[in-house]
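Next up, some structures in structure tokens.
One chain, chain A, links the two complexes that follow: it is found with chain B in the first and with chain C in the second.
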Partner chain A sequence: MNAYRRLFSGPLGAIAIAVALAALAMIVAGVSPIAGFSALFGGALGGTSNIAETLVQTTALLFPALGITLAFRGGLFNIGAEGQLLIGGLAAGAVGAHLHAPTAVAAVVLLGLGAIAGGVWGGLAGWMKAYFNANEIISTLMLNFVAAALASYLVVGPLRSPQATGAETAPLPHSAWLPLIVPDTRLSISILVAVALAFLLRFVLTRTIFGYELRAVGEAPEAARRNGVQMRRMTWLTLALSGAISGLGGATIVTGVMHTFNTELSPGYGFTAIAVALVGDLDPLWVCVAAFGFGILESGGLAMQAVAQVPKDAIHVIEGCIILILAARRYVATRTESAPV
Partner chain B sequence: MMDFVHGALATLVLLTLVKSAPIVYAALGGVISERSGIVNIGLEGMMTGGAFAAVVASYATGNAAVGLVAGVAVGALLGFVLGYGATKFKVDQIVAGMGINLIASGGAAYGLVLLFNQPGASPQVHALGRWYWLLILFAFVCAFALHHVLYRTPWGLRVRACGENPRAVTSAGLDPLRFRLYAAVISGALAGLGGAFLSIGEVNIYSEGMTAGRGFIALAAVIFGRWTPWGATGAAVFFGFFEALQFVLQGRVAWLPSEAMQALPYLAALVALCGLVGKVRAPASDGVPY
Partner chain C sequence: MDLDVSAGEIHALVGENGAGKSTLAGIAFGSIAPDAGTVSAGGTVGLVHQHFELVGRLRVWQNIMLGREPRKGWHVDTNAARARVAELARRNGLPIDPDAFVDELAIGIQQRVELLRELEREPSVLLLDEPTAALAPAEIDAFFGTIVQLAARGTAVLVVTHKLQEVINYSKRVTVMRHGKIVAHFETAKTSVDEIARAMVGGNLPAVAARAATAPSPCFVADGLFAGESETAIAGIGFAVRSGEIVGIAGVEGNGQTTLADAVAGMIPYRGTIHIGGNAGIIPQDRNKEALVMNWSIVDNALLGRQHTPRVRHGLLLDRNVARADAQAIVDRLDVRCATLDVAVKTLSGGNQQKLVVGRSLFGEPRFVLAYNPTRGIDVGAAALVQSRLIEARNGGAAVLLISFELDEILAVADRILVMYRGAIVGEFERASVDRATIGRLMAGSR
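Now for the complex of A and B:
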């Protein structure tokens, strides 16, 4: 019951304000909110192909949002999902281009590689936090830019496909593409992976010793430490797992949607995913619902611009306002507490 | 060959100054807010807001000076949003800063379409012209002033105390939240000035993504400079130098990819964060609501 009250006082309140702001943005642009919203929702949910595209966006947001959820629940501020996505996609794209294997094998190998690469990227910040007490907020943020520079260097240089016009890796062979759920759309089975992962994450957080310890570290680090939780190990493991989930997401974008890798992989999914995780109240299943909501915004925004002439960037202002409003509810308890020893 | 070296060196020095100035402004903004106890991840957004507002105001009035004022004002306004949230509502400063970044970049893109009816970039407006050399100089004056204020005035002592131990400030009969709010507003104003420098100083348009992570580089400079005005300024110039070097070396030195220089500020901050170049200590109450 308490959980529902929390949800209504926070996220749903923020959504109500966001809807009001969206209406305002439409009025400022000289469009009636009715026309604006109907364009938005029509573009996102009208017809099979639009719904499929909304679910593609949902999936792209859901992976990093789940990764962020895990880290936040463990008391660690991971704002490096963007870089972890990119590195995961990079690993899948670099290897996938040369991988000729049956689809099932290729999918497992490439998604696994993406998860490992993202995990290493997240774990790096975790290692620096655990052994050098380097603030993970800053390190994950900085690693985003290092990831972007690394990916840009590789696709312009060593990994660039000679056939491609732009800076990108060679296309993945068809056998390495994730199977589509709905033909003639971009919706692949990755959404099933994402939702299954959300259930798994919820199970791990609420029903396993590891999940209990992780939440204990997040909610009462000092108590956890005194009760024998190995803080260093938890720190790097939490960030590595968080990065792995985002990296897996990056790999699904490459194998399911782009079928090649370039630096356009993410238009900021890793940052929007922070809002998704917060609106979902850091509960994996509600995060799925929130991701769908943000998926509607992302895919409906374009239609809103095309049909109703409301600039789609209004969507980002609304997302920012949601984040700002939800910031008033504190998520990570004692961030300055130095974790290790 | 010698001519090229001489020319390149002169270009490099001048370009370093030009590229450093906006980072210096934002980094000084970062120093003052963090010393007061407010982590400002929103520097990037405040720069974006300042850059866009400066262009809009200059376009509307035909006067670049008005643009400059508008850039500072919008930066200060965003700083106020962060500061007010952090003091009045005890918001999570990291989350709020991310929100400000999204609002600023989204708002500027929305405004571009709405006001100029063209996505991507604004039309050309009146720029500062020669005055922008003064603005570069002023960045270093600001560094000097901030150093003086923080270390030589009672007000600065109180601001620093707010970042270390706000309770001590309360017990001295002062309200730490007020100092933090002021510091956040000044922080935003400085970042906004840096943004305005980018749009109506260096060039004469606003184009989307023109801040290109300089707010985050400034954040790295604050850390690399160990939360002191001169340290952060030095780090900002150091990063500005590598940005300038990219331009000068463009395509000339094949073994040194430009991406390596783009990543450098962030790598430097990571190394500093790990304490590998001397002890690094953030203000004790940095980011902790009071």
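Now for the complex of A and C:
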């Protein structure tokens, strides 16, 4: 009951306000909000193929959102999910193009590689934080640019496929594609992996010693340090695992959706995922729900633009409002708690 | 609630933590708005705060005249300001160097600056909120000497404190608060420490546990210990704590106690040796930051620090059932008042939070216990319980190192007393041969 109320006063309230603001914007732009939103939801949820596409977007957001959830719960502001996603995809694409193996083996190898690559990328920021006290907000953000530059260089240069028209790696052999759940759509089994991961993450946070210590560090670092938590190890491990989850997500986009790697892998999933994680109140299962909500916005936005002539950017207005409201709420909560009594 | 303070009177306001004393003082000063009712004062009101509100990087005169600087054209009239401060200091018998930097002054002198700043406004009412919390016994006497003179010249003084001996020594009347209400008024001359204490807790104080005979053998040894830097460094400290013994470290805050505690707890690097013969239980100074996770339940907090012990650890997993049973045991043993074990500890009172911390530290019968201000800021009842549990741990054969800023606590609990001053041990007393006055002098740095 209490959790429900908290959710409504927080994330759900934020969503309601954001939707109201978007409706207002549509009225100002001379479009009926009813037409706009029905186009949005129709495009996202009307028919099997639309729903499948919404779930593809959901999956793409869910992995980085879970990675961010883990880091935030551990008190580390990993805003490098975008780069970790890209590096994970890059690893899967670079190896996948030359991997001829049964689908099950290929899936395990490529997704594992993606996780390792993302983990190294996140762990790098963690190592810098643990041993040189480098602010992880700066380092994870900067590593996004490094990842983007590295990926661009590789797909234009050494990894570029001679057959391809654009700058991308050679296509993955069919045997390396993730199996589809719904035929003739882009929805692969990766969504099952993502949801399973959410349950696993919840279990880790609530039942394991690692999760217990991670939450202790996130809530009260000094108390954790004084009660047997090895802070350095915790710092790099948290960011490495966070990066690994995003990297895994990048690999699922390559093996499940694109079947090749290029720098168009993410239109900013790693940043939107921050909002997804916050709307989900940093609880892995609620993050799944939030990811579905944002998936609707992402996939319905195009339909809204086409049918109701509402620019797709209106979606970003909604997302931006949600982030602002949630950030303000957290700020206000902190201020109130620390105010002198 | 009603309270009046007459001109020329020193009026003491006492009560347990959370009884509402500071709120009342804040309302009287005007920094907190009352929900209802009125406050009237015949003139201006000055407030000397528990935690000094001084600008450390500024000089004494700059602090005292801050916001009321005499001007000469566009500039501060430095000479006039200095002269004003010197005159103020002389008139009130509070000698001070107007040009000294505040952060280079001793705590007792900083208090003097704080007091002078309020006196500069010539208040007719002076509020003192726990003014002696950071002072050595000799400094306390000097401080109240000044206050008595001020009152004699017609200032009404309201002292908020929990040190009952000061109340008896210096006040004319006493008002006791409990749970936000005034529960008793006394003429100081017609009352006693016991009577005031009973009014504060609303009944008799729980008795502190009796000490049993023990067979001491060395358990904790520190030798040639160096740690920390500058003012709060410790230099060449060496002492032992035997099993079945409580060693109390007396001293005024800021003389290296935190550095010593952190070194013993293994939280900071040090030179020298520390040997601990057995498992240790640590009660840190700041329960909010160093001991508890405020948003967590009692169960999760009761586990903190023990998460790697085989008792609760099954491979990578935590045994939630054992954790809950242990939390229940701690809550029962320390009489932690809570609705359920699942409430967040931030909803508990300070005393109950501290009892949880103490119970957790004593769980599993540690051979060595470090208790740093274990009763600071908690009510008298909870404090007596905590002290009893420490004595019981000692009776059970634990070596207890008690670091406290409250000399009374150390005198009540310790078998042996070490006095700490400027990072060194400057005196040692057996319980049987305690000389309070000598300890007080050593704490203040004189021999």
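Just so it is clear, the second predicted complex is superposed on the first by the 328 of 341 C-alpha atoms of A that agree within 3 Å, B and C clash if a C-alpha of one lies under 4 Å from a C-alpha of the other, contacts with A are read in each partner's own complex, and residues count from 1 in each chain.
Keep in mind that, in the parts below, a residue touches a chain if its C-beta (ideal position, glycine included) is under 8 Å from a C-beta of that chain, and two chains touch if they have at least 3 such contacts.
Note that the coordinates shown come from a computational prediction; the quantities given were computed from them, not determined experimentally.
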Following the superposition defined at the top, how do chain B and chain C come out on chain A, clash or fit? fit
Looking at the overlay, what does A:T208 touch: chain B (first), chain C (second), both, or neither? second
Between chain B (first) and chain C (second), which, if any, makes contact with A:A25: first, second, both or neither? first
After superposition on the shared chain, which partner residues are touched by A:N135: those of chain B (first), chain C (second), both, or neither? first
Looking at A:N227, would you say it contacts chain B, chain C, both, or neither? Reply first, second, both or neither. second
Would you mind checking which one, chain B or chain C, touches more residues on chain A? B
Check whether A:A216 is in contact with chain B, with chain C, with both or with neither, and answer first, second, both or neither. second
Figure out whether A:I315 sits in contact with chain B (first) or chain C (second), or with both, or with neither. first
For A:G157, is the partner it touches chain B (first), chain C (second), both, or none of the two (neither)? first
Quick check for you: in the superposed arrangement, does A:F77 touch first (chain B), second (chain C), both or neither? first
Superposed on chain A, how close does chain B come to chain C by Cα atoms? Whole Å, please. 6
Would you mind writing out the residues of chain A in touch with chain C in their complex? 207-210, 212-213, 215-216, 219-220, 222-228
What part of chain C is in contact with chain A in the complex they form? 265, 267, 282, 284, 289-296, 300, 303-308, 313, 316-318, 320
So in the complex, which bits of chain B are touching chain A? 39, 41, 81, 85, 89-96, 98-110, 112-114, 119, 213, 216, 219-220, 223, 257, 259-260, 262-263, 265-267, 269-270, 273-276, 282, 284-289
Inside the complex, what are the residues of chain A that reach chain B? 25, 28-29, 77, 79, 128, 132-135, 137-139, 141-143, 145-146, 149-150, 152-153, 156-157, 271-272, 274-275, 278, 311, 313-324, 326-332, 335-336
